[in-house]
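Worksheet: the structure to be examined is printed underneath.
Labels for the chains are A, B, C and D, by order of writing; each one numbers its residues from 1.
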């Protein structure tokens, strides 16, 4: 009972981190709310399915999804986002348009049905309960994503440059940093994380045009409540909501779980209008 | 500059404006004699949605409050009317009651957000989250235990068979399609005129001042939060009216009234028409609704694909919306012409 | 005979994180005074103004306006109690015309036809007629300062706080501003923050010097100008701007 | 016309292409007299289109075949399609437009119960006739409406009979989508399971956008039922079958479902996920009859899509053909004449014989128990012949109350 609850909570937290980290990075670093985040995930999911169907191993398909969506993100940044920096509402609206467009496009190309892949991971049992072995893979990838992002930001030159530019773009460009490249790269990285998240979800949800819709509201709320620091915010908000959702959904029902998450979100917004990390000045 | 915006906004409308309004009103009265009821039905829903767009456009363009959740009051209005009318068997009082309930809720929500000094973008998000909460909660009421009075809330499926408005001088028969057309057209026109006149009043000017510089207005001695709350409640009331009319138009209410898609559509209408005018949201609604209606019968495949492109193009190319852009173009041509005249 | 001060603060303090921007200020203003506040950048003058006008909540201390405790009052309540402020950076409604800006200011004090009359009066007094229908955002910096001063005095406050009213103005405009300040001082109590010593010489009777969040000294202009400590902390450092 | 209709399909894959059926006929000189007009309002776009895209084409194929056979009493049939975009507002608008502007003789379409309830009053207002091609919760009692799809009692009774009696899986755990269909179907499941001597250990409902089923899968494992009953619906709920297979597995606790296959889930899940799910249906592609084989072949040729066809496509064809049979019997296309001629009309279709029950305007039909296989399809296990829509019959009698228009909720 306790083990099951714990497992469900950890799984819930990991799912939330997985689907919201890319969005959080783009929001925290660039002050862009990417409403097409869910559709970036969906593109990742389709990339993964196409690769697996073409005979690639699953892990390679994950990598391909991250890469493809990352590149797509860079294209989007160049064609749309870069004209809208500093106009937070307009970026939100433009990416909303992009999201509708991508749903329509993918439905036209791949049809409305969900696509699946054959991935056998089997199950793990303890205490008389079976748990899907793949969920542990998902938990590991989700944690890995956070750790790798932290390592990049903290210990690499690239991370330093990006953090510097986001703090003060003029100073950074005075130091010879190419600002465009930094924005492009950051957006691309956020998109790549979304693509990876979508791919990782395929064995659980399949790939369908509506994949993004199922997750974007959750990711969005998670990021807003997390506040402007992408890593700490994502971890904190995911832990909070994951715990509530995992526990309440198990003890009561999925509906009560979802509604309680939303209500807690509204109350938190009233108490901490800038999110959990709103008052922290520095950090990641 | 569009006359409604900025400098001359506070001036009372001129005679030509009143004549245009009168002409439009006359056209509305005559229309049912010339067009079939299918077109009247299409136009009615555009008017209903135009009210919803006006509620958002007014709040955004004039009070500077970007609410993504006007669908909260739209849905609440529709549901309140359905539940009250089906329970009481009356329609007039439920109509009024259905306006009061969302207005009261908007006062509560507005108080919570505005007096809590929630920052701009977070206010937008909060309204969006609240509308999603309503959608999810209503969706999960399909069990027989969710009854208000004698009315099943019916969850996902919504409430069908919502009674039409009966008027005492029409022998108690529910409004016909023509009647609904007159009702929606009249409501839209009245709200438009009322908002336009409101902008010339002290209240109207003050909220525009707050949009421009809230801190300065406070330092001048205005209780800006009270004014903002007033604007929010007013917009909530307009959205509620739109919701009640929607229920009267289609004789059904459903949780979709609250959903993300509906909320998105409101934003698209306002953006396309022009966010800093009152007439813009009305036109935006007309154009977008007519287009999706038409696309649905010609079969372009995915309608969302087209709407997505429309939204992106407007944000990138015509960020101020259709009408202000046309207004600018006009102004440019006029200046060019005038300029040439002057050099001659 | 001691008159009750129209404005007084006791041990007023404001901390930002670990920094004490204002570190215990006891300040007192008699009705009808024209006081100047000077001090180097970061001395806490603007923060002090913002606390009095309700834009910032003090960390501790006391603010009294005409004897009433205003520490926890909202900005609009303070404004209604008779305090008008012109902020350091022009703080106006850029998207509206000069007329609308003045109208909004006047309407906070008057009702009905009186609004129009007081807008007309201030327009004439500040010679704004020519730019009345232009958007404030399109005006030059100096003109915007004047519009803001107009907005403050059209509300007929008891106390006017002016944060650098002459900044960005031409010499001619500066002279006019000084004259205007002396004139409105006939009806209103005024506190001015300024860096321009020539300007201060023109208007000031009593000068208060801020330094590191405290009041360093308070005296007549000539005494202050001659004081070696003031020269060191203020004139010495910022080169007598 | 250089582009054949079928090519047009593949390129446009949109729906309005079907409206050209009549145009083709007219050019071929077949059309004489005024065409009979058929409106089809379905969701080609939006979240509901997984149920609609095949049905749109199947309806077009039915009209095409009717025209090729010379139309209805010599008049050609024209199909007008409207994409309601998964939005009831458009159902309302297009239904009115169909009657008022396009002056159609019959309205076919609507996939959800809510879209049907939006359109039925409009059909009443314009005194039209309406064919609702879907599996739904039952209880609609309206002479202007006919439904050729399955209703819960019709479907659940045979499935429970097979699972509880023949397989001996007594202890059931019920999962259903949280809306009217799911709520009512779950009740019928409980009723029949108890009647057959089984036990329902729990009933749970899920909003249609739930994708994470880990909590309920844990609860199922604690409850240790013999079988899990599913009335889950839609795209998101497909995740359940994936997650279930990855944890519990159908070898440990089998699955029986009423709605599985309607959205062609069998064709999109993996072989191991599909294998072993027991369903009750009125049509599967693999029915070993000539009629079924021929239907599947014709549909694939007509649509140019070589995929699993499924029950909802067959509903579209079945509904249109049944209506055509009624029109032939009435010898008139006027809605009032059609209404009067409903009772007893039969059509031998791909799923067996369909007989119109005039008491309810629902259909008496064969119900097939099938099980998912590794080929993304189903194997037939057993057929129950000519099952009546018993739940709706219990509450609705159009012979006695011809003016009834209500939807009843069966008391259990």
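To be clear about the criterion, a residue touches a chain if its C-beta (ideal position, glycine included) is under 8 Å from a C-beta of that chain, and two chains touch if they have at least 3 such contacts.
These figures come from a predicted structure and were not determined experimentally.
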item: Chain pair showing more contacts of the two, B-C and A-B; value: A-B
item: Distance between the centres, which are taken as Cα means, of subunit C and subunit B, whole angstrom; value: 43
item: Centroid spacing, where centroids are CA-atom means, of subunit A and subunit B in whole angstrom; value: 33
item: Interchain centroid distance [CA atoms averaged], subunit A/subunit C, Å; value: 50
item: Centroid distance [mean C-alpha coordinates] between subunit D and subunit C, Å; value: 76
item: Subunit D, residues touching no fewer than two other chains; value: 13, 45, 178, 205, 207
item: Junction residues of subunit B - those touching two or more other chains; value: 136, 140, 301-304
item: Which chain pairs touch, all of them; value: A-B, A-D, B-C, B-D
item: Subunit B partner contacts - residues on subunit D that touch it in the complex; value: 12-17, 44-46, 81-85, 87-90, 92-94, 96-97, 99-101, 112-114, 117-118, 120-121, 178-180, 182-183, 205, 207-208, 409
item: Subunit C partner contacts - residues on subunit B that touch it in the complex; value: 6-7, 10, 202, 205-206, 208-209, 211-213, 215-224
item: Subunit A partner contacts - residues on subunit D that touch it in the complex; value: 13, 45, 47, 49-50, 53, 178, 204-207, 209-212, 214-216, 218-219, 221-222, 235-236, 238-239, 242-243, 246-249, 252, 263-264, 267-273
item: In the complex with subunit B, residue positions of subunit C that touch it; value: 53-55, 74-76, 79-80, 84-85, 87, 91-97, 100, 103-105, 107-109, 133, 135, 151, 155
item: Contacting residues of subunit A [partner subunit D, same complex]; value: 4, 7-8, 11-12, 15, 104, 107-108, 111-118, 120-123, 128-135, 203-206, 208, 210, 213-215, 246, 249-250, 253-255, 257-258
